[in-house]
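As structure tokens, here come the structures.
You will see two complexes here that share subunit A, one where it goes with subunit B and one where it goes with subunit C.
And then the complex of A and B:
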């Protein structure tokens, strides 16, 4: 189980609870603005971009090669960017705050 | 603009229709939104039907585009399992099967497309023939394949859908033959190099692909079917899958007199020839500014992008459709990503990455302008291709061809 807080571009903060699946799916289920997941979670569209804190980034690790490449489609990519379809909901994510990039 | 007491009806609840309904709320539509579809299932992602859904034991709701609560929360009225049979443009009314009528102020047609079932004597009466377009199709195929040990599957048509189904059913242990009419698979959509790549990939995975096979008849005797080709060859089949393309669902539009040419004609705001009616997604014929021609596209990208354009314009916000088409296909452990449209290319360049198994890309040019890229296990090529097409980056072809040089260095402003 993980409680994850999303902060959307308009500053709205929402904490949701998830048990399984990807963070993108969790966000879509909870109507988080800016997480679209158009490709359904197969790392093909880059519409589920989030920014992590530096500490959380270190904890979860760098994106895979394909994910890192796909992130380059995004304008506001940073060294703390991840595609949330590639993050699995797990205890490790409990308490994390993710900033929605779009 | 006030639209509190207005109704927007959206016909078709797949990627285009669903995205349009939510985009309408985001853009400030306060009135009613009615989203209607003949498919009874909670609207779902369609691409997984031939991929992960076919391979895995997931429930279809696992692939829902949005959870049911999202529709309730946004006050979007979902009417599933209901078929719209007529548009009365004069009175701005749609007629639903059972003679129910619904008034609209704005109408969005997101009617998509249907699989083409070619006329082949004996095909339909074989009772084991399926196309792949809906969740129901996927359920049937899955059940047929799982109910038999070592089922023999014949896929008619070597396009992306047929090949994805072949890869997924192979995973379930089926014995598979793909019959392609042309002299290579994917001939309509890609270059010989990529066709050959997928031919070899399927061969290595034990899928038998036969080209130049024109199916002329299906013979069924005591439950055993035989798929017969023009050259005299025949293939036993427990299941026959049809993957020969789609036709747009434009009947509603055509019967009501909307302009249609193999697709409902829309302008760059996704408006049809009737100012109160928009059309989005696979069912449209629309102008693409990058290719400077009218196109019909079969992809999620176009469905989502047009949905947003229509929603904005319905809410009085001027937004023009302006997108580079993109596609993807997952087969076995291979990810193909396509940016742009290669149709009409006069030069194709292949870049093979060093030392990495199967990582490559095919670059399509016309008059030295980049039209498209097919990127295999190579998101970098896909991303650079997308950027180059969008912003007209200059490409150094010699550098691009040379895999010892990082791909990015081949591009400049």
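And then the complex of A and C:
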């Protein structure tokens, strides 16, 4: 089980709990504004872009080549950007805060 | 070769040159073929423009037969963004539960009609009907309106032998004019009315702007959806084991839809006009040159996709550009995805197998390249799961 906090572009904070699936799916289920997940998680749409803290980025690691290529052409990309469809909900993410990029 | 096999027509030239020059009514169009280049050109709208003369970014160009601008397709940010933001919420309605239920009912009724019929022509008797009836939901108009659109046939916006037949396009334009006049007097909660109430820079949309948006909605979602629906049915005809696989694991339907969009790429390409001296694949491009972003080629790029010529229903990483890319990604994609998901769901629930009979392929010609994009007709028999 993981408790994850999302902070949307307008500053709203929402903490949700998940057990399985991807972080994008968890966000969509909980109607987190700015996370659409249009492609269902196959890394084709980049509508699930989040920013991690530097510590969490180090913990979870850099994006894969395909994910990095998607992010390269995204608005609001930073060194701490990830696509949340590529992050699995697990104990490792418990307590993390993710900022929605768009 | 199986009917459902769609060869990668661009493979050789993509790998050797990365670009392909074709002629469009005596104008050179440079097709951009590699995934990375296609995405970059789509993203950098400042250098690769959509907001040029109406009709110019379409291939073949419609400049000579169309003066009205398709909105928001034929615009660049920031204008594009302003128009699009007025429409986004409407085009996301397919995610709502009642929309999904109605679309499921439409699809289910149509599949029930064709089950165990002796022989059916899939394009006219199923794909066109499904596309048209589903479009009534997107427009929020009575389902009976679909009868008019179905009566136009599959080639309403162009003759089969002449893609630039202005008279054919007029059928749609007149129809849209009539609908706009109707809702001006009796506004409702349909897309025409919503657009007429929409705002751009502090004023309401003009009739021209509403018409431009409606033309895009009709034209952009017609051949593409008809081809996608037909091709998926042909695929399941050739691959009954895939119907079985999805029946056992329906959770993969979303991934299967993305894979079908990648593999079939219903829209081959879309143009841009160069606004800067630049180069792609060491090929010099000059101001006012026309290029096209070839989604179909990019979707088979082996530098990005493992086994690109195979349909892998549960492909996990699938950064396809079948719905375009970046600012101009398809506005109707939410509707298309929902429709195809529901179609597959209903097929696996009701259909045991699909027997494919005679068919005629729809082959596009782009310079020296011939690309199969779908079918003019496919005869088939659908066998019910109940038998």
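Criterion: the second predicted complex is superposed on the first by the 102 of 102 C-alpha atoms of A that agree within 3 Å, B and C clash if a C-alpha of one lies under 4 Å from a C-alpha of the other, contacts with A are read in each partner's own complex, and residues count from 1 in each chain.
Assume a residue touches a chain if its C-beta (ideal position, glycine included) is under 8 Å from a C-beta of that chain, and two chains touch if they have at least 3 such contacts.
Only a predicted model underlies this, so the values are computations on that prediction, with no experimental measurement involved.
By residue count, which of the two partners contacts subunit A more extensively, subunit B or subunit C?
Partner with more touched residues of subunit A: B.
Tell me which partner A:77 touches in the superposition: subunit B (first), subunit C (second), both or neither.
neither
Just subunit B (first), just subunit C (second), both, or neither: which does A:39 touch?
Both partners.
Between subunit B (first) and subunit C (second), which, if any, makes contact with A:29: first, second, both or neither?
It touches subunit B, and subunit C stays clear.
Considering only touches as defined above, state whether A:7 meets subunit B (first), subunit C (second), both or neither.
A:7 sits against neither subunit B nor subunit C.
Identify the partner contact of A:57: answer first if only subunit B is touched, second if only subunit C is, both if each is, neither if none is.
After superposing on A, A:57 lies clear of both subunit B and subunit C.
Can you list the residues of subunit A that touch subunit B in one structure and subunit C in the other?
Shared contact residues on subunit A: 38-40, 42-45, 66, 69-70, 73.
Please name which positions on subunit C make contact with subunit A in the complex.
36, 39-40, 43, 254-255, 257-258, 304, 315-321, 323, 325-326, 329, 333-334, 337
Using the touch definition up top, name the residues of subunit A that touch subunit C in the complex.
38-45, 64, 66, 69-70, 73
Looking at the complex, which residues from subunit B come into contact with subunit A?
Residue positions touching the partner: 15, 45, 47-48, 63, 66-67, 70, 73-74, 300-301, 304, 328, 330, 335, 337, 377, 379-380, 382-383, 386-387.
In their complex, what parts of subunit A are in touch with subunit B?
28-29, 31, 36, 38-40, 42-45, 65-66, 69-70, 72-73
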